[in-house]
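All chains are identified by letter, namely A, B, C and D, in their written order; residue positions are counted from 1 within each chain.
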Amino acid sequence: MNGLEIDNVSLSFGGLKAVDGLSFSVEPGSVFTIIGPNGAGKSTVFNLICRIYDPSQGDIRFNGKSLRKAKSHEVINHGIARTFQNIELFEHASLLDNLLIGRIRHGKFGPLSELFFTRSQMRQELAHRRKAEEIIEFLDLEGYRHARVADLPYGVRKKTEMARALVSEPKILLLDEPSSGLTSEETDDTAFVIEDIREVLGVTVVMIEHDMKLVNKVSDMVLAINEGRFLASGSASEVQSDPDVQAAYLGGQAA
Amino acid sequence: MRVIFRKSYVQDIQLFRDRGQAFWYLLFAAIALAAPLFLDGYFLDELSFVFIYAIAGLGLMVLTGFSGQVSFGQAAFVAIGAYTHTILLTRYSVPWLLSLPIAALVAGLVGLAVGRICGKMHGLYLAIATLSIAIVTERLIGGAGDFTGGHRGLSVPEINILGLAIDESWKVYLLNFVIFVGCILIVRNLTRTRSGRAMIAIRDSEVSARALGTNVAFFKAYAFFISAVFAGLAGGLLAHAFFYITPETFGMGESIRLLLMIVVGGIGTIHGAVFGAFFIVLLPTVLSWVKIVLPSAVATSGGFDSLAFGLILLGFILFEPDGLYGRWTKIHHYFNVFPMYKKRSFQRQKTFLKTERLR
Amino acid sequence: MTEVLRASNVETMYGRVMAIRGISLTVKEGSVVTVMGSNGAGKTTILKTISGALDPFKGQVEFEGRDITALDPDVIARVGIAHSPEGREVFSLLSVKDNLMMGAYCRKDRDEVARDLEKVLGWFPVLRTFLEKQAIYLSGGQQQMLALGRAFMQRPRVMLLDEPSLGLSPLLISEIFQIIKRINVEEGVTMLLVEQNASVALPAADFGYVLETGRIVMEGERDVLMKSADIREFYLGIKAESARGDRRWKARKTWR
Amino acid sequence: MTALSFADAMQLFVVGLSQGCLYSLIAIGLVLVYKATEQVNFAQGEFMMLGAFVGYQFIVLMGMPYWLGAMLTLVFMGAFGYGVEALVVRRLTGQPVFTVFILTLALGIALRAVAGIIWGFGNYSLPAPVDGNLTLGPVIISWASVLSIVVTAVVASALYLFFRYARQGVAMQALSLNQLAAFYMGIPVKRLTSSIWAMSAIFGGIAGLLLGPMTLVSTQMGFIGFKAFAGAIVGGFGSIPGAVIGCLLIGVTEPFFDIMFPTLKGIGAYLIMFLVLLIRPQGLLAQIYAKKV
């Protein structure tokens, strides 16, 4: 089958089950949201997909191919790109360089052509640059192109990280709390960006998110987990009306 | 203040930022090429040393400045280069033009192996591991007996390229200069292509470098390889400059000196390696001038040179952590914006320590 | 009510950027004051300037009439200001208990400290179960509780809270804010609260400031702010539904 | 390679043990600073050298009674360590670890030069605190070696307890983990940091006083500090028990290694360290944790 499949995956840290027999699948072209209380294992799921952790049981497949044998730097070659909860940018490089680093999967290692900067190398560099510029325009980052990432405001850094994942031309984008730390105004923008990512770029989005307004606006499918286990899934409104989710996560207050 | 108008993407990846910059660099190159006309042998020899150290420094810059791997063992690769080159020349009569690249490559391969082994180490662990490589290399060369000349050392023949004897200071100077420029171009090319970016990615965040498809172990080893090739090249040239090499020439102290050199120059920039080389080579000369005006009790005491070296370094780290190149850009900036210079734009703030034990 | 904290005309650089430009604010004893604003507006910088982690370029910070501008952060902490920083900043490799006891480092009254420890563990029962565990193993929400508890263990007169809701689930946010309110009411600790999430922060506060690009653009009592159209639109996210549903263009802020 | 008799082996073992204890004393000073401030003091070997020279000044040149001279030396070292932190190292707080590497390397160079200018570049002898030998069956061990073993054991266990239970000890760890947060707690970060450096310099001084009589006092004696580094790294830098274990491991294996491979004399410590790092890149008692992403 197509899309991303998590099949009965478990992982424990020192006896504590962080993820416990979790299964779900993501339809291509959809926006899939994972919600759940803090420490429910949401980021761990991303880390499992990206092979930072090795599951103790179960399989993760993308477009029918198992990822279990892949090394963590090979995951992106399957078309899976991600952002991080606490922003992991290349702080001392410019925004543009960050995006160009995002193009790393689209290049071959050619020591001689690199060190002597041949014409074909130049053409390659220009192609990367054009792609980076496309994404810069797509996310309205023009003004910051040559700024050092460490000097950028938080909201822009957040967008930069998204841009860096997008220049790698992924098939599926994992967003770890895209709205955390943003104001409601910026969160609204994020909603439009996510819709554009899906519609204009045709990228499947899997996100972890707390802001229920954003979740309601963009998700096709919502999965709620708690303590590493499945809690509920369905449309955003179905999941929110689920009594288990209310008790463990929303605390009765309709968001 | 000069503003760069960018009209095409090519502009950002060109060798020079704009015409003005190209003009200045070409002018410098021209002056350097013409230097034998107006400098005497002593200064040409000194400048030769500057170029050679700058080559070794460029290598270390790739390793430490770009890929973020601190190495206290660069002199080991310089030694391997120097010894391979000398032994090939004297024992196997390999032509100079072949011997030097082989020496660089041998050093590079050893570097590759070290990089592969040390790939998982970080910060202090890597620093001490590489330091021990420097110590072990020195001992191994010293202990290898006749093959390397042991602790007695080896004498190095004159440079001879295809029958052309490079026997005078100005010839050696020009040869070193050409190789030096070549090395700069290579490092510059590295910075504007994929591998260079991969190294910077590893330096700043290994996790996301991996997530974006960087084979971290590979590029760490590659950085070691390039750095060792440069060191080996510098070693080959240095052997000629010294005429006679012993294992002690390339001990732990030399490794540390090389590292200090790129710090004084300004870490992470090509300029830094060059500035640092100027500093480290010319410092003793400058100090010998200073000594003339100092009371003889101070000047003749044995520790004066190293005390001065230590104190200058301390001063740099405390007051100008960006090194000579950093100071230079600030002065440059001052004149560029002349009446509007604000001290504020480079003001340092209270900073606080955060643990690096989590990675 | 008397003023306990006052900042007058403070300007602070953050890196190479002027992050706050001439800010004056006052905090009355026993109140909860919130500072709202978007990213990069300078909210964190205000707190850091008050607690001494950043030195202001200009201006003055006073605590109970005493000038505390640009003192070292530990001195300011001992004066009676506890800062619970953004991103929790717990001592990751120390146990939960040691983390809490570090809050009480400067206190000599052992019995009181023990009582306060019990109080904190009463508010956050989860912490009790992890008491001997290293803080790194706590989830984000638990770390937030720990940071809050640790700040309370200082027995401060004023608490500076930086984004206590960051990255927390809706349930946890409401729990944490209940505790914050309790500390304020029951323990009489004055609060200066910086929040992105105005929809939780403003209802919990008595007085609010709105910060935009380093300047205060609006201030007022909670009830006044709650009625402001701009606040409702941009910070509380309550929108007049337009005929076309979601609007993609941005309304202009007028700060009325 | 010659076969070793049991008695010879025991003798070598004891020699190695006391040597390992001296490495440990230097390494403890290193780890102490690292544990509390995450700074690495490459000049720790030079601190030891300075301790030995100051002791030489008081005891030999000025003719003080041994224990008085030794006490004064340690007082001097404490003040010196405190001053170095307060006046020099503090300015670099928050800079990358690498910057502090370089700073302390430079400090080491300067200290060697200063010692050479003051006391000269020769070799000088320092009296041992205790004379005579202890004979245990076939093994002969000097009382000075016994003393160094005892001192190391006492210092290491006292420090272990200090970091585990004392309020200041925990606070020192806290400030190494997150200095800003420690400031926010009202912990007197600056004073504690300087005190740590003072303690570390005192341990360097003790090591210098113990090592001086065995190797002679010279400006070069500080290089032994690199072996202490190797030991601390084998143990997993940042752990005091680890440092002691690592240094003892290196101290004990070194004499055997030197006898087995005479041509490689002196580099055994580094080869052992390399081997350990190959298997455990973080040392025996790892102090590095995975960051959450």
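The criterion applied here is as follows: a residue touches a chain if its C-beta (ideal position, glycine included) is under 8 Å from a C-beta of that chain, and two chains touch if they have at least 3 such contacts.
Just so we're clear, the structure is a prediction, and the values are computed from it rather than from any experiment.
Distance from the centre of chain C peaks at B, each centre being the average of the chain's Cα atoms. Counting C-beta pairs in contact across A-B and across C-D shows that the higher total falls to A-B. Inter-chain centre distance (chain B to chain C, centres taken as mean C-alpha positions): 48 Å. Between chain A and chain B the centroid-to-centroid distance comes to 40 Å (mean Cα coordinates, whole Å).
Centre-to-centre separation between chain C and chain D, using Cα means, comes to 44 Å.
Each of the following residues of chain B touches two or more other chains: 207, 350, 352, 355, 357-358.
Looking at chain A, one finds that residues 52, 84-86, 88 touch two or more other chains.
Shown for chain D are the residues in touch with two or more other chains, namely 177-178, 180, 183, 289, 292-293. Partner chain C is touched in their complex by these residues of chain D: 167, 170-171, 173-174, 177-178, 180-190, 289, 292. Chain C contributes residues 15-17, 37-40, 87, 138-142, 163, 166-172, 174-175, 196, 198-199, 234-237, 246, 248, 250 to its touches with chain A in the complex. Of all the residues in chain A, the ones that touch chain B in their complex are 50, 52, 71-77, 81-82, 84, 88-93, 96-97, 100-105, 107, 109, 111, 114-117, 121-122, 125-126, 129-130, 133, 164-165, 168. Only residues 37-38, 40, 88, 91-95, 97-99, 101-103, 105-117, 121, 175-180, 183, 226, 229-230, 233, 237-238, 263-264, 266-267, 270-271, 273-274, 277-278, 281-283, 287-291, 293 of chain D touch chain B when the two sit together in their complex.
The touching residues of chain B, counted against chain D in their complex, run 70, 117, 120-125, 127-129, 131-132, 135-136, 139-140, 143, 207, 252, 256, 259-260, 263, 267, 301-307, 309-311, 313-314, 317-318, 321, 350-359.
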